[in-house]
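See the structures that follow.
Two complexes, one shared chain (subunit A), two partners (subunit B, subunit C).
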Partner chain A sequence: MNNFVIADPDKCIGCRTCEVACVMAHGEHPLEQLTEENFLPRLRLVRTAKISMPIQCRQCEDAPCAQSCPEQAILQNGHSVQVTAGKCIGCKSCLLACPYGAIDLVVRPSSTGAKLNTVEALKCDLCLERTGGPACIQVCPTKALYQVEGSQMAGRLQQKRRKAAMGVVKVSGN
Partner chain B sequence: MAHRVLTVCPYCGSGCQIYLTVENGSILGAEPGPGRTNESELCLKGYYGWDFLKNTKRLTARLTKPLLRYKRTDDFQEVSWEEAIGFAAEKLQAIKQKYGPEAIMATGSARGPGNEANYIMQKFVRAVLGSNNIDHCARVCHGSSVAGLAATLGNGAMSNSIPEIEDTKCVFIFGYNAADSHPIVARRILKAKEKGAKIIVTDPRFTEQARVADLWLPIKNGTNMALVNAFGHVLLAERLYKPEYVEQFTEGFETYQKVVARYTPEYAETITGIPAQDIRKAARMYANAPSATILWGMGVTQFGQAVDVVKGLSSLALLTGNFGRPHVGVGPVRGQNNVQGACDHGALPNMFPGYQPVADKAVRKKFAAAWGVKSLPEKPGYHLTEVPHLVKEGKLKAYYIFGEDPVQSDPDAAAVREALNAMELVIVQDIFMNKTALHADVIFPATSWGEHEGVYSAADRGFQKFNKAIEPQGDVKPDWEIISLLATALGYPMKYACSEEIWEELRRLCPIYEGVTYQRLEELGSIQWPCPSLDHPGTPYLYEGNKFDTPSGKGLLFAAEFRPPKEAPDSQYPFVLCTVREIGHYSVRTMTGNCAALQVLADEPGFIQINPADLQQLGIQDQELVWVSSRRGKVIARALSTERVNTGAVYMTYHWWIGACNELTIDHLDPISRTPEYKYCAVQVEKIIDQAAAEQYVQTEYSKLKKKMFCS
Partner chain C sequence: MSGQHSAVTIDAEYCTGCRRCAAVCPVDAIEGRQGEAQSINQQKCIMCGQCIQICSGYASSQDDFYDTPRAIKLNERNMPLNLREPLFAAYYRGDFQTVQAVLSGQRFHTIVQCAPAVRVAIAEEFGLPLGRLVPGQLAAVLRRIGFSRVYDTNFAADLTIMEEGAELVKRIKTGSTLPMFTSCCPAWVKFVEDQYPDLIAHLSSCKSPQQMAGTMFKTYGATLDQVAADKVYSVAIMPCTCKKYEAGRPEMKASGYRDVDAVLTTRELAYLIKAAGIDFRTLPEESFDNPLGLYSGAGTIFGVTGGVMEAALRTAYEILAAKPLAEPDIKRVRGETGVRHVTVDVGSMQLNTVVVAGLKNALPLLEQVRAGQADFHFMEVMTCPAGCVSGGGQPKMLLPVDTAHSHRQRTTSTYQHDAELPIRKSHENSAIQKLYREFLGEPLGHTSHQLLHTHYRSETRG
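And now, the complex of A and B:
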């Protein structure tokens, strides 16, 4: 199974440090040059009446974004789903397909004039290129963010089943 | 080659250690350092709040030359230090001669300058000017905690340490949103929860802190005293308190009992709106925990009845024996990086450094001898929040404002501006141009955090050495050096080679800091006062053996009758305005407003948080611009629809210069601490039909403001 990053809403304090860390990990701009235009985090804090947590790509096994992409710009790569830069044509199918709202399209006017615009589909890439792993996890002051390893999923489930069994024992008094 | 400099974060009072990566004299990034309080974690501002040092001019420009104008109607001119200091000295001398030393007021600075600079400022005021007229922004913040706890426990600081919070079994949080104001403290609270602690949060808003609580007490704005009394009532009525502890270590029980007697949870419910059974539940949760910690913030201290509530909260800890050991106690968590330090070092009108009272003859004699003056003034100085009134009464003529921006931070901004304009001399010493500096005669540019070294005090009494990472740009000087030049020009030669020389002078005059040296701080990382000798390890928690620092050695139990806030809403101003804060911005925003990431996350004109039901009644959409007005002023702000706030109340964060909530707030003060009631005044919210014009207005105002701040 794929790896993915997820937040524990019981630990998230809604501070958005993760958003800035994501921008800094992927951008080429030094901190002092961040602007609204180049601030493009791949996870976004959501705040409702009761919940605060960042939402990002779940690295779906049968990813609807990849399914919907006419250019095969989104592909399974190792233990995650990755966007191939340069292949995206900006058709927005992935935006419509993703049930999490975890993929976004950045459209920039082209500087060369040869093309109309340059486009880039942005989503969590698990900071594959980064030493130290996902930047969001590293900076989260309350350790609300963590990476779930697909390879450990079976073990996690087994643990949960054991816990459930013990719960039944307690309830029945045996 | 890049290198790392270990220093201390310049923002809240958590006292986090930071490594700054520096290359070719420029900062590249910040990483967490292995501090006692932060243990290699940082928050949003810690990671991304240092680029103001690059003079980004996003809100205001760094001051790089002394500025002077001989007439207030003139523009500022860049002048030499000699001319600026000479001008200030001559004017101060003349005012002192004409009106007496008490006509001059000065501030300490709770921010970047450090403890040494505050020590020098109060020395200047007391030994050179000859009054105790020094105060600082603790007055508008935890002044009520300092006064309240000094009376009940004998010491105004946090009784226990930030790291201890995670091993307490109950955290009772009152009017404090650690998640926004101190994320690194919030982290400890969450860790406590993970380890099984119960978390109780009292707040009218469903804050991020309330969200992670086991029990949220949604209190009606301005009714704290009634709840605290009811808490005490339950502790007594249900025998949840510790009679032997009370007998042995406290006093005032009989009077306390009489006052809280009528505050049954049912009666408190009628005032606070909190269901009686929840008050009982919370009191039981707190009292039955084997160890419990009370933490509070501005939601306690910024009311006309604040000192009483602080005393009431400390009484709950006394009744339940939650003192004198680890993981218990009371924590007024200080909001600015060195507000504890400015208090510690005598930037208060009634205290010499080390909390030695000016009223004490022997203390005055000691300081007079050390400073080489015949005598030092006995009369306590003025409070910061009384300045506008004192100016009106003709009592104050000059104001030396050091690392503060009262036009932005103090209540009723119009009254503050009027007071500054009426003064004969206004001196501003800062790192940035600010709103207050617009009213100055002379401006002294100082070095910033990152450009000088010294010692800060974290909220939990922890001294830490902060270090210089880069060379300052422009013709700027460290704060203590500027004040020393002015003292010398006034005929009191003051000369120090470095900040350590100042530290050495002050620690020898302050028994509770005597064992703290630069060398020891570098070896140990942090030392918590009291630290009376060079072999003393410092004091993580106060009141060992339950011996309090009061004259009798006992803790004082105290309760007072509930007093409602001053300005109740009415038909003309139907909403309660409560000022709060923003996670990514800090204080008057001169620093964070110039940080790129923090500006991108939140910018002018700032939000007014309002319940969707109220918005609907007003016919206002989420994110629309609105006018907010009170009897004192009117500002524009952006409506933020959120069910997390109660109906009938609106909340504005106090960092915005356009949506400046302190144009609206009232200068109603607590009678003891003189802390303003920022958390309660009546306002009106009005719909704006032409949103496009309103958006344009905000942009125009922002541009005008930046121009005034030398950004164009």
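And now, the complex of A and C:
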């Protein structure tokens, strides 16, 4: 099973530090070089009256984004789903397909000489190329973010089932 | 005019209510419920700007919408209208547009001063490593931006030591109010005025280096340049947001005019440099102008916690012990601990000193003083966690991990600068000696008293 990063909404205080860390991890920009246009985190804070938490790619096993991509720019890679930037044509199918809204399309206006815009589908890549793992997890002041290892999923479920069984034992008094 | 407006504000439209700012606010001035937009109690706020440094609530395109257009926000903040960086919820109202207009006009003889902590931070705004020491490029860029005179707050820091050192020695010898508190940090001064008015007599009567410099520019400096004081426009570049408030305090007009007309933060200076289209990285190294730009190592360490104490001790030792101090490095007062007690043997007596980094750490000591149980003679307090190098107007670090690193790097560079300067003690600065010979007379003398010392207010201000 794939790995993924997820937040605990009970711990999240909505400070956006994860978003900032994501931008920094993928660009190493000092603030002075950042603009509103290139400030593009791959996870996005959602705030409502009752809840705040960042939403990011769930690294689906049968990823709808990958299924919908006509260029095979999104592929299963090890224990995650990754975008090959150069292959993206900006068709937006993945944006429509993703049930979590976890993909953004970045359109960079054509530079001098080139006729067309450059595009890239942007989503959480689990900071695969970063030593130390996902930057968002490291900076969260309340430790609200964590990585779920797909390989440990079976164990987690097993534990929960054991716990559930113990609960039943208590109720039945045996 | 900077000063009397509330310098530090939280923009309710961008605030996510995470309350991390409330955790760093030394005076618990940030009010609001978790998850809701916060507001600053301006009665309590001392404008240190630490909330600005920690804020990560930026204007995200993901939020439903913001009612107020960005251009209006930039105007409210007095920032460059073409600024493209993300805007954060906690901010200070700047003076960028004001100073830019003065510089582009021809009406004034503009004199600029630059705080010690700016020369170890401004380079960061141009992609250079954290804490890069650039005094030469700083002087060069200020000249190219168009200031008529490029003077230095470091000079005035040396001047402060002359006055404050003399004041400490006098207080000890005459048995007047002790312990004496440093008065360089305007946030600390405002805090004592607001919260501990009964201890005001403990504050050194010395103005801060910024205000001493401003006064000198419009008196001695104006005479040197043969211009009328009312034609001088005095600008201070500071790592601090509270310095804007200090410059605007009504009593700060010893020269007969506003001693400091405008204060820009380190970040605002970077905006000016970029607006002028100057490539900071390729600038040659130049010197600050003589005589009010000449400084000793003691002057430059004012920018770090323990620095004012160390600078003062280098001079006070030689007065009290009546012999030269062989080793100017007094490393025992340096460090990162919030409260550092150091006893110095000055021959005739044991001088007990205490250095406080981070305003909250001063509270137990103030209670000791109030109870008459303080066993020290001299206390330095800087509101910000590592001193001025970590001020609210310094380049903003986006991530907490960089914050601590930047403070260390800037501190290291400051001590390196001190170690490499030919003169290490304020009283050995030849420009200071000349200023006393030609203009001021002696420390604590009549002219000094008129121009370099101040009084504090105990009434609660709005």
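We take it that the second predicted complex is superposed on the first by the 171 of 174 C-alpha atoms of A that agree within 3 Å, B and C clash if a C-alpha of one lies under 4 Å from a C-alpha of the other, contacts with A are read in each partner's own complex, and residues count from 1 in each chain.
Here, a contact is a pair of C-beta atoms (placed from the backbone, for glycine too) under 8 Å apart; a residue touches a chain by one contact, two chains touch by 3 or more.
This one's a predicted model, so the numbers in the text were calculated from it and none came from an experiment.
Visitor: Which term applies to subunit B and subunit C once both are placed on subunit A by superposition, clash or fit?
Guide: After superposition on subunit A, subunit B vs subunit C: clash.
Visitor: One more residue to check, A:34. First (subunit B), second (subunit C), both or neither?
Guide: After superposing on A, A:34 lies in contact with both subunit B and subunit C.
Visitor: Does the superposition put A:21 against subunit B (first), subunit C (second), both, or neither?
Guide: In the superposition, A:21 contacts both subunit B and subunit C.
Visitor: Name the contact category of A:92: first (subunit B only), second (subunit C only), both, or neither.
Guide: So A:92 meets neither subunit B nor subunit C here.
Visitor: Look at A:79 in the shared chain and tell me whether it touches subunit B only, subunit C only, both, or neither; answer first, second, both or neither.
Guide: Once the two structures are laid over each other on A, A:79 reaches no partner at all.
Visitor: Pick one for A:10: touches subunit B only (first), subunit C only (second), both, or neither.
Guide: First partner only.
Visitor: Quick one: is A:44 in contact with subunit B, with subunit C, with both, or with neither? Answer first, second, both or neither.
Guide: It touches subunit C, and subunit B stays clear.
Visitor: Mind sorting out which residues of subunit A both subunit B and subunit C touch, each in its own complex?
Guide: 13-17, 19-21, 23-24, 30-36, 39, 47, 52, 139, 141
Visitor: So in the complex, which bits of subunit A are touching subunit B?
Guide: Contact set of subunit A toward subunit B: 10-11, 13-17, 19-21, 23-24, 30-36, 39, 47, 49-52, 139, 141-143.
Visitor: Spell out the part of subunit B that touches subunit A in their complex, as residue ranges.
Guide: My answer: residues 28-29, 41-44, 47-48, 50-51, 54, 56, 179-180, 183-184, 186-187, 190, 206, 208-209, 211-212, 583-584, 595-597, 600-601, 642-644.
Visitor: Could you pull out which subunit A residues touch subunit C in their complex?
Guide: 13-17, 19-21, 23-24, 30-37, 39, 44-45, 47, 52, 138-139, 141
Visitor: Can you check the complex and tell me which residues of subunit C touch subunit A?
Guide: On the subunit C side, the touching residues are 16-20, 34-35, 56-63, 70, 84-86, 124-127, 270, 274, 395-396, 398-401.
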